[in-house]
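Below are two complexes that have subunit A in common, paired first with subunit B and then with subunit C.
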Partner chain A sequence: MAQYPERKWYTGMLSTEDWWAVWIAVGFFFISLLNIWGIDLVGWMTYPTKWVFSPPEGGKGAIGHAFYALGKKYSVTAKGFYKGLGWWSVIWSYVIFGAALTIGAASMKWNVKKFIGGFTIIYFMTIATWFIGHHAFIAATKVNMHKYGLNFALNLGGGGSFILALIVGLIIGNFFKGFASYLSEAAKPEWYIKTAIVTLGVKLGYLPIKLSAMSQKLGKEAAGLTFDLFVAGAAATVVAYLIFWPGVYVISRKIFKLPRKTAAVLGSGISICGVSAAVATGGAVRAKPVVSIMVSALVVVWAVIELVILPGFFTHVWPGTKDPLVAGASMGMAVKTDGADAAAGELLDEFMRTKIEVETNGAVKWPEGIITASAVMTKVWIDMFIGIWAFVLALIWVYKFERREGERVPASEVWHRFPKFVIGYFFCWFFLLAIYFGPGQSGAPEAMPFLKTVKAGAVPVEKGMRKLFFMLTFMSLGIITDFKKLREAQFGKMVWVYFVALFGFIIPVAILIGYLFHHGMTLPNIAQYVK
Partner chain B sequence: MVIYASIRHDGKNWVVENDHFRVEASTLDEIDEKVRDAVREKTPEARGQKVQVYMAYDNYAIPQWIRQYSSHYFDRVIEF
Partner chain C sequence: MAEEKKEISGTGSLTGEALEAEDVLAGAEEWSSTETWLVVGSFIAAIIALVIGMILVPTSILH
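Right, the complex of A and B next:
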């Protein structure tokens, strides 16, 4: 279908996943704020807890409580109602999130019938893997396994569920391709992760409020730490850009003798931010779209391979629990799609927090989400720079390499390429910070009853909704990842350029830059305040 | 005078079209030449004026699985 009109600044607001991630996440965020006026409309959001088939007497882990509505724990005004939901919260979440996503899908003119069918299957498979992954044998640690009557546990924390979801998705994507094709209308990892990243903004803004309930000093520390990550992430990203792109371009041209346009697209795909950058660069250098499409297919597959390898490597080989934020920031610079990066950051968060708790026998516990945020922060900066980089590259290409009479590059390209979900991410973060520093009085004791109402709304969104959308991302990533793509002959040389550049250059440099800008940043210990 | 059109690549050729004309060519240089000719021929009111042709990339030409990563390919502007 052709479109002739000029692209306006607001074009795409109702027709792209990017904007729909903002509408859905910010929409639920605003609904959550009604808690300030005593109206709790988000307490139904479902969340799993560890379970066993036969809980010990007086112990924890009954299957009947394996899923609960978060309002049961956090609601100020409707605790009794949400307590009664139990497993029904799974259905409530399906219906309400499903309806919101379907409105988005319809607005984007997708096949609604196919989307509802695909989403229903993906959602319930996700819930099933979330449930299995929370069996105490998988999720408990040696610190708390005795509460479930166990003498041994895998110490995977919530990470086990993510791995299971990815495995199930990969099995479908690689062995049941007809089924994967049917699910493809709803298997949208980038949409789900962008929605989750906006809710991560809620998490960042809520963090000082959460820690203020433990101590006002901890709350202020958390606000300072997230701001440090914001600044360090920006600096690290700029440095990474200046090293990554020329490096990969030279490797592609000098060692693998690729044509200039292909080297440029591949350089962006491997070194900057995967598919978005490959598409942006392809457009900037006026390459035929097929070049970007080929590179994009490579990026998606390699990003999933990184997702499988890097969280475990960073947790158990280097830097381990000594420098968790170095690991997070490096992840953001090394993993090349938003979905795989944020998913890898979340996995790293689970692994690191579980490891430090086990290593110290429970004496050190880190708040969840900060390591994920460090991985997402560098990625978000990279996403924002893509538009500027593509614009600069287009200027160089159009005015120097392939000069054509009368052609000029519209500056609006920068805005069209700007990742809109980032607006939602920063909006939620700064909105909650404004509440914390404003009416929340920086966590002063007299403001705590007010902050408790904010918490009642924020927790279901930053915890229940965010984790569910992460789980949907893992499952969808697996479904759309077909490893056979790597074997297809037409990619030939590019597969090897990618391999050499990624493991021989990008990941080591990402670790080095992550270390330079994040080494020594520490996470607050909340062990004395939590059970 | 600004004339709006869409641009896409069909796997073999670049294609530029709007309600008044449709041209295709294997290179951007050729397509620009054909666009100039088509505008002169099909848009009499543009004669003697400075014309700007704004070509918005038709993102429906990008496979759907990629649009979730990047909904925008590029827009071109030529003036003559």
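Right, the complex of A and C next:
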């Protein structure tokens, strides 16, 4: 039974990225809730704003204000203190997040010294690209560029920073390989993105609270919409996966003549949540480790390519702003790896919101995060499927293909392969929803002072921490992505399987199913409530 | 293949240990009836899930 070692239900809680994403994100979430009792310990979280070298008279964009502590805007009890932090919030965030991550790294028995060195460099490179990406020429839209004295802007919103971080990471990963190797101990896109996904749960739970501050009706609409996405995402994911996996398996076996185990791992890697699924399936069917590793490498590289292509395609070619949630859900089903998917969803969210604002000349504005949520929702369900499918494949391989006498697959395998960060994501979401519907009285006017204290804590986590971890993800993803791998002869066949399966099968099916379950879903217009 | 790769912490992250790849791409077995059952069964389950889902999910195009 070497394949299924004896493990307790709590095995890995202090030694895996999955669990450490939960501890760190949920930990900061709980600290943020101290705001309910008037203690603001999260207002230091840094956030960028658009800037220009020479702000116009009476306009916006001074470099001195390019980074600020979110407590400056949202704190109820310590606004004055956090207002004074300004750029120092960058250092505060480095020290506090760095300490939290280092504890995690030490617990996972990584090389702590290398981690601290690597994280320091990655963090400050990330801040630098975040800063550059928020130059008004890149981030401003046609609607607000005049406030910065500009007559032209790239309209990329916050998405420009993500792309920039990815480009910087890719340059390091492909042209400065010694440097990339030094950074590798801290270049952990899966860990950063899983942490960001847990904070996305905070975002979802906070949405109704945010919109209630605008109007109680909007708050209820947001709560209903996110629940609809949850249900539609579940149905779409189950259908998509049951089509994806056998489709890719047949392509691999019949067209590319690959062996069963390799085809099974490829099927999971291309169909589900890439890296984790490839590793889980590789274990389930007892494929040689190299198969999972090769598929994982391909997953990362292709995910980056999808990340660059799909958000722009969905925004500017089809379905555009007519069906933003079809685009988000399709993205979630098509882009493999949690990191690239959530990041692509974030990019899509920025692009779509910017586009609708420009198209309507500011008459329509969508709340941030719902399109991202639609992408993550399908991905989260797919992640849940990993454990179940790995279990099914393990049973088939054990009892049908290999018939190992006397071997039993323990049911606990499903738990051990379950992506644990999903628990943190749902926990934060439902916890805030309980606050909203419980003491928050569904956003009733008399509960607004209470909800304002919840907001003071939630915003730094769902906005500052989440975006920072997305940025760290993009930078790290670039750093570990080596395009040379694609050129290697051994990868050639798999590259083609992946290409054919992804563009000829996965993406079209994802779009079709996303359409069937999400077509016509609309986002609330918050234009009248925001500047 | 001398490219260095390795797997850590069960996460699938890539780092370094030399591995050969050829033997996992060659030597495809004959297609078996179990595979047919697995693939067809999965497609049938998908169709059933699609029909039920489109009836039950209020945001589907049937509603």
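Operating definition for what follows: the second predicted complex is superposed on the first by the 526 of 531 C-alpha atoms of A that agree within 3 Å, B and C clash if a C-alpha of one lies under 4 Å from a C-alpha of the other, contacts with A are read in each partner's own complex, and residues count from 1 in each chain.
Assume contacts are C-beta pairs under 8 Å (C-beta built on N, C-alpha and C of every residue); 3 or more make two chains touch, one makes a residue touch a chain.
If you're wondering where the values come from, they're calculated on a predicted model, not measured in any experiment.
Residue contacts after overlaying the shared chain place A:Phe401 against subunit C, while subunit B stays out of touching range. Once the two complexes are overlaid on the shared chain, A:Arg286 sits against subunit B while remaining clear of subunit C. Number of subunit A residues touched is higher for C, counting subunit B against subunit C. In the overlay built on the shared chain, the residue A:Met494 is in contact with subunit C alone; subunit B does not reach it. Contacts of A:Glu221 after superposition on the shared chain: neither subunit B nor subunit C is touched.
In the superposition on chain A, contact is made by A:Ser296 with both subunit B and subunit C. In the superposition on chain A, A:Ser412 makes contact with subunit B only, not with subunit C. Touching of subunit A by both subunit B and subunit C, each in its own complex, is seen for residues 12, 16-18, 184, 188, 190-191, 274-276, 279, 288-290, 292-293, 296, 480. Per the touch definition, subunit A reaches subunit B in the complex via residues 1-7, 12, 16-18, 184, 188-191, 274-276, 279-280, 282-284, 286, 288-290, 292-293, 296, 337, 394, 402, 404-410, 412-413, 416-417, 480. Across the complex, subunit A meets subunit C through its residues 12, 15-18, 108, 184, 188, 190-191, 228, 231-232, 235-236, 238-239, 242-243, 245-246, 249-250, 253-254, 257-262, 274-276, 278-279, 287-294, 296-297, 300, 396, 400-401, 480, 485, 488-491, 493-494, 513, 515-521.
Chain contact summary for the complex, subunit C toward subunit A: residues 1, 3, 5-7, 9-15, 19-29, 31-32, 34-35, 38-40, 42-43, 45-46, 49-50, 53-54, 56-61.
Across the complex, subunit B meets subunit A through its residues 2, 4-6, 8-9, 11, 17-19, 28-29, 32, 54, 56-58, 60-63, 65-80.
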